[in-house]
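Shown next, in structure tokens, is the structure this report addresses.
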């Protein structure tokens, strides 16, 4: 299953800015003896939003977690195949996983602000990466919160607990926390599934505004969300042995108006069965 | 705070496209009449050739609408705008086809001596174009009142068409040799009358966008 | 008929509630009885002299100051050894150890450690700290012995407190390129701190009440002074209580209960301290 997307296809982006940021080739992922992903190959273009959709258990979250090696945390997880970030293989013993995760940040399903102030939440990453100067930290915090479209709402309560914010604000705080370490890629694992519709639309707007400068990959079980927000979409599903495979990968508009694969058509039209 | 800014931006783009398409078909109509008046065959050829661009633009807008429906799940007024656009572009494409028809008649007439100076036909064209322009303004401004008014003006077009028809009929009755030329001019007037009917369709869509009701306004006599 | 059925159900519900309430009451009664009885019996012995004087006439007269101080030293020593080792072990076992046979063996050992009779710890302390390490019968030997006993509880409570820190916090930190140790240090430990400290305080308050282990590693019944170094012998409340109650003839009953009351207050005050720390830090961590 080699569905490679010609990055030039992404009409909404200036072609010269778009390069292949992440490349996954013939990925097989195992948890113990269970095969979670089979032969997945896809190229993620930079400065755009790529959505991964598919039914529950199709391995889309597993796929996402491969890009910053969060699967390493799961005992018994084993990866075959090659994943490259800017042409550098990331499943290589010489790769510093901590450094990789600095470049490939992640936002989770449930908003998970740390139990500390709004300011400390955003400053947490930069502090750990060695920035001590208070003025510099203040600048980073303001810039990140502005980027995350949260500054105006929290600028007067930076000292308050991050947990006191609303769900949508908490998730934007988590995005600001990731932005503060200046990543190149942001992985989002169902970032809106715990939010109400209005908060969801705000996050989607935020994602669109970030897409100009960051490579964003979002996993969502909400097909409509993938359609609204992404430039490129990947559809994954389970084979009979429950291993996840990539069925179709292409420009979002095409995938949702005229999918090439019958299985994609069946899934997005609700005839999946 | 406005959400879905990316979607609303695309929706505005489509509305800009509608205005662009409107100006394309207005121009085609006025040029076809000018070609007829001035016996400018080259201009007429241009109008015929340009109709392809009109059709192309129409498909382009249609595709954008389908994409927005598929990816953005438009609701309420957003949905009505997109549905209206899909209908309006068909009407405008037809207006373009009528202009092309007039240009083809101008080519057919070629350098035959004129039957009479053209007065009412250019007036019909001018008014149709004016109605089209204002109907698109009404669409952009969501102005149902203006749309109803424009639609009512179709009666004047019908009257002008009646006038042109009776006049040319007199010519034909007096001198059967003029039948060919007079019939062609009747076709021209008929094309313009049809174009104006399309404008009333556009006005109906404007009312639909604003009120959400599909109503027939100012049914044409023809 | 429907009503009758409803009635039997209500009766059985009432019966259940009554028994449950009774069971709860039964657990509370002995505790209250012990506290009240100790106060009634020993309250009269508590005077400033009793708390601030050295004992005389084999404990029949005078005070119990060296025993109180000895117990505090002992608790301090236990804390110094048990807390860091216990917490570090707890961190290692939860955050770093792989799930293999060795880890499982260690976990099993820790669980069993808590079940080892305290006199066995005393013998262990005697042979290892007193004799092998040559620390002699001393405060140090006793502290290490009690620390070894408290360790199981400190590790277990630390581990539970660390495990109770939501996985989401760890992931959120790791996902922005923060190292594992930084995550443990800045996210996990501050969150687990109230639980860890509560466990540690409870463990040493339990150690403070132990008699058997210190019996064989350095506690003395009567000493002329307060210990000057960790290598000195010491007096302690539980051992003093045991001796005056069991081995000193013609002991005034009120004095025995007085010692018991002081021991009870010391141990309970640490439990209260643990609760206070927990409440305080919980409030702070929620800002």
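By written order: A, B and C. Residues from 1 in each chain.
Definition applied: a contact is a pair of C-beta atoms (placed from the backbone, for glycine too) under 8 Å apart; a residue touches a chain by one contact, two chains touch by 3 or more.
The shown structure was predicted, so the numbers you read here are calculated from the model rather than taken from an experiment.
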Of all other chains, the one whose Cα centre sits farthest from subunit B: C
A-C against A-B, pair bridged by the larger set of C-beta contacts: A-C
Identifier of the chain whose CA centre is least distant from the whole-structure CA centre: A
Centroid spacing, where centroids are CA-atom means, of subunit B and subunit C in whole angstrom: 92
Geometric centre distance via CA averages, subunit B-subunit A, whole Å: 48
Touch list for subunit A against partner subunit B, complex: 198, 201-202, 204-205, 208, 224, 227-228, 252-253, 256-257
Subunit A residues within the subunit C interface of the complex: 68, 70, 73, 75, 98-103, 105-108, 110, 112-117, 124-125, 128-129, 160-161, 163-164, 174, 177-178, 180-181, 183, 187
Residue ranges of subunit B touching subunit A (in the complex, touch as defined): 1, 3-7, 66-67, 70-73
Of subunit C, residues touching subunit A in the complex: 98-99, 166, 168-169, 171-179, 182, 186-187, 191, 285-287
